[in-house]
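Each of the next two complexes has chain A plus one more chain, namely chain B in the first and chain C in the second.
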Partner chain A sequence: MATREYSFYPGCSSEKKTSASNYMVSVESMCKTLDVKLNEIPDWNCCGASIGYAEGGELPRTVMNARNLALAEEDSPGQDIVATCAACWLGTRESHERLGKDETLLNDTIESLKEAGINYEHKPEKNIRHMAEVLIEDIGYDEIGSHVSKPLEGVKIAGYVGCQTNRPFGIHGESYENPKYLDKLVETLGADPVEDYDQKVTCCGGALAFSEPEKSQNQIKKILESAYDFGAEMIVTPCPVCQMNVEVYQDQINKAHGTKFHIPVTYYSQLMTVAFGGNAKEAGLNGNIIKAKKLEEIAAK
Partner chain B sequence: MTDVVATNQTILVVGGGISGMTAAIESAECGKDVILVERNPSLGGRVSQLYRYFPKLCKPSCGQEINQRRIMAHPRVRVLTMTEVDKIEGEAGNYSVTLKTAPRYVNEKCTACGDCAEAISAEVDDPHNFNMKKHKAAYLPTNMAAPQRYVLDPSIIGTEDAEKARAACKYDAIDLDMQEESLSLNVGAVIWATGFKPYDAAKIQPYGYDRFDNVVTNMEFERMMDPFGPTGGKLLRPSDGKEAKKIAFIQCAGSRDRNHLKHCSRFCCMASLKQTTYLTEAYGDDDDASATIYYIDIRAIDRFEDFYQKVKDDKKVSFIKSKVANITQDRESKNPILHGVNTEGYHRYDDEYDLVVLAVGMDPEVKADEIGCKVAANTSGFIDAHADDAGCGIFGAGCATDALDVNRAVQNSTAASLKAIQVINKTAGAEA
Partner chain C sequence: MSNTAMVKKYRNDFLREVEEKVEEGDWVRMCMQCGVCAGSCPLGDAWEHPPQEIFMMIRAGKREEVLGSDSMWMCTSCYNCIVRCPRELPITHIMHGLANYAHRLGLAPKANPTRRFAKIFWDNIATSGRVNELKLSLGLYFMDGFGNGIKKALAMKDVGLGLLKTGRLDPMGLFKAGGIKDKSGLQKALKKAREIEDTRKGY
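Our next item is the complex of A and B:
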């Protein structure tokens, strides 16, 4: 039996051939080392993401998340739900809190799900958590550090937190203007954090990358510039959307502004997998568009 | 310590700031016996950290000296410094109180000559200056300290420095064997005057007080003007020690904000208006000196209106009606940059300054619901003076009851003194 077990909500970006499938690969490797078992919610659905807030409406959004909650409880009763995607975590946790506070919404949700043959019972004690919380609160830096066999020595990494793991809930005990958990994690893995990275909670533009490319690329430019100014060789993030936006638009930004950005953007789980002795494939490094050469070198050692 | 005599006709005053001192003097001068306890090694409280009062711009040290002399000379007042209330039980006319006195390691033979400080090398943070500077671990809390007696910081006890200090004392005033003492008393009424503490500016995260050197609080700004303060009376930037000439003041920093303090702290508008005059004091007519106040509304009410008008007429001072959204820092110059929207005309701004002063509000130093004995708390944690509980002989005074300026705190303390005197008179009448 695994040391720790959670009900797991992977979310759409982790599916095969999607933008963050390599995130999933590295999470699996990381969890293997940490002896964490993830029980995927059977037949989970979309959290609603930005569309849920923009056009979807409160009830549809809540019902979608409540469906996942009900299926999780049925499959893995009593277990905390863990999400690796920031938006999935935020949407599920927010819906769960709303259901606990709004009786009308709760009754409407129960009614709606009944139509689909699902029985939703509200459990206020249920915890919906981001993987970063599991790492920090349940496992802890010390235990993470004890698994490090290939410290990421000499790599300077900017911890880009983004917005969804940061507001409104955030990681317990962290400042929301200057959260330090990624820096601490980077340090634990033997790399050098960029302590003064001043764009660590700047929004990457999220879904506006499609509809308002100029504005969101302006945001991304700030995030990249600051990382360069402080001498970072790599950016690390806990969010699939942050990872994608900050990575894939570097070429377009270079074209528009005459800059020469070319900096890898990785997930914390990729850093951990490599530091734990995993190879490039296990860390999902093949999924990065801008290759994380330093990580590849360490992984190949 | 054993010579402290108290009866159920004694008034205990907790807190030796301007409010506690006022209540103690008023009560004693009406013929009541008073025990005044203060947690710090000296009387004076928050007022002793101020550079000037508004609206007259006189220096607090003047009135403070008079108060301290009256207290120290009055036969009916017994002052116990470094002393806290540990427990309090009972009812109006009959309270049993346990006090705890921390060791000072210096006895009454001290002449404040300073030889002990000369003799040692260890330095510790100076809380009187909000830890913006350090002082020797054998120290006089302030130049105005009452009692005028040195203190040894407990961190040097058992070290060589403690021995050096003792050896340097010509008066046999250093006693390294002093221990914490506990004292139980019986008193008839209590005046609770524990005052305020500045709201923790680091909690207002968008303003970056914890990240940016050149973002300071209004109380720290007061210390900078003091000739004996951390910058020797000059307005110097913490990041590089250069003169700060272009200064922004942010009003309601953490006040009137559901994420922080819900209440208006009442003194901060006038405090910032007052602090703009420090620029004239520091730089005269220098055109480079300027003060910009970001505000929701200026609450300079009643007789303070004149002062506000005078500041408005000052060419150096300008006002922007806006709640500042956040502060960032220029990486090279370490200049703070204020971001937000000017609501008069709806213009966005990104304004760069040498220094930013956060006009932080007041939190109660001791939360009212932690006092016990039926003391009621208001929604901000101050003592609710309007909760009319006939059985309660504990009366809040000054900023323990609400966010007040000095003038109103003193009035409030006089009222508290009268209430306590009535309890004592009733007790005495019942016994006669």
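Our next item is the complex of A and C:
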């Protein structure tokens, strides 16, 4: 089997000792099994996230993403860029699209980046993709299934797709309102998808979990409640912000509302690593604040 | 003062001002007032004026009410309004653009927590090139002074400890430089970008 190779944009939350460092650990394990080679963009910078808009205007935000695009092309010419973070993916792809449409923006970006000694050349054919797209479109469920050595039998999992992995770009062939790829992936790994999970594309509040905690926690409460209502034992997500927001505020929500939420929130890559026979450490399970006991048990088998 | 300059330049043609100065502002006249955006927004209840109302207020020349509103600052960037809008207005981007414009003119509500957090966030990444999560959270907690900061930090203590114990927060983050290697290159590029944008927009 030929090695698949991509230019890789890991993003700020993937670094060691940051909020999604365990996501990265599991992505590395997953890619090892799938024979996917990730070429990290040298000296990549932040995408500006969405919340950067207030102070960073359109041009400064575009410049940040164009710097990464230029560094990626220089390091791994012609390769698709893959991001594991929803915001990184969105920011990079959005900037790339705008650079292709708006000549003034393109020229201003080129001029700005010259200050950093970077020569930006626009490559319209460059694809900026989310890891979920690589899994579904390039590798496919069948091949993923062929690596399953420890099926996640009997685990009921709610696929929480969230916002930015789903909108505005989405995964080819999936709807915005009811994307099914996480459910299909859960099924491929031998677990039971919670197909009635009606809050699968509800926003967790994103960055407003910091600045407007009450309003965001109302959102998170809905996302958790629905998972419980339909019998989920675990939530799975493709987004680092979704993962963090839905996991870490459960205690605060419990205190405010008298609820008893205590449900693990995992990444798809953690499920895959365990189903592929990896151990708990390789799946980054030590990074989950609410322990994914069922996964730990399967990993220890 | 840039705000006075804009008022003088556009008199009461606020729609034209938005079309020329606000990111994706030229879409505003395309809104057909269906309200799907308002019904689709996760924080819809928190908006004093939902997007379709903001669009109509722009057309009606209600400049101060729009730019001084905290409504746009309720946007979580979930893109639900964008994918549902029957006329395909990039509503999320217009809201970001309006918020940015109001902030740059000094008209945005001073106390709005998202405005302040967004500024701390941008300064954080524009300096070092990558997010420093500890500095970012502490910057937010302590923005209203030391006493308030301690209170907020204590309220978040358990969340922080959970992240710390699982290796998802760097306790030394305050003292580490971190970030990218070519900070100075990035800073220069961003400075240039700001200059160009300011000239183009007449700030």
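Methods note: the second predicted complex is superposed on the first by the 299 of 301 C-alpha atoms of A that agree within 3 Å, B and C clash if a C-alpha of one lies under 4 Å from a C-alpha of the other, contacts with A are read in each partner's own complex, and residues count from 1 in each chain.
Criterion: a contact is a pair of C-beta atoms (placed from the backbone, for glycine too) under 8 Å apart; a residue touches a chain by one contact, two chains touch by 3 or more.
What you see is a predicted model; the values in this text were computed from it and never measured.
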Partner chain in contact with A:Asp198 - chain B first, chain C second, else both or neither: first
First, second, both or neither for A:Gln164, with chain B first and chain C second: second
Most chain A residues touched (candidates chain B, chain C): C
Touched partner set for A:Val148, first chain B, second chain C, both or neither: neither
Which superposed partner A:Asn286 touches (first chain B, second chain C, both, neither): second
Touched partner set for A:Tyr176, first chain B, second chain C, both or neither: both
Which superposed partner A:Asp229 touches (first chain B, second chain C, both, neither): first
First (chain B), second (chain C), both or neither touched by A:Ser50: second
First (chain B), second (chain C), both or neither touched by A:Ile263: neither
Chain A positions touched by chain B in one structure and by chain C in the second: 176
Sites on chain A touched by chain C in the complex: 12-13, 15-22, 43-46, 48-60, 62-64, 67, 104, 108-109, 111-118, 163-164, 167-168, 170, 176, 201-203, 205-208, 210-212, 215-216, 219, 248-249, 251-252, 286-289
Residue ranges of chain A touching chain B (in the complex, touch as defined): 175-178, 198, 229
Chain A-touching residues of chain B, taken from the complex the two chains share: 205-206, 208, 210-211, 326, 328-329, 331
Chain A contact footprint on chain C (complex, rising order): 23, 42-43, 46, 74, 76-80, 82-84, 92, 96-97, 99-100, 103-104, 108, 113-119, 121-123, 125-126, 129-131, 133, 137, 140, 158-159, 162-163, 165-170, 173, 180-182, 185-186, 188-194, 196-197, 200-201
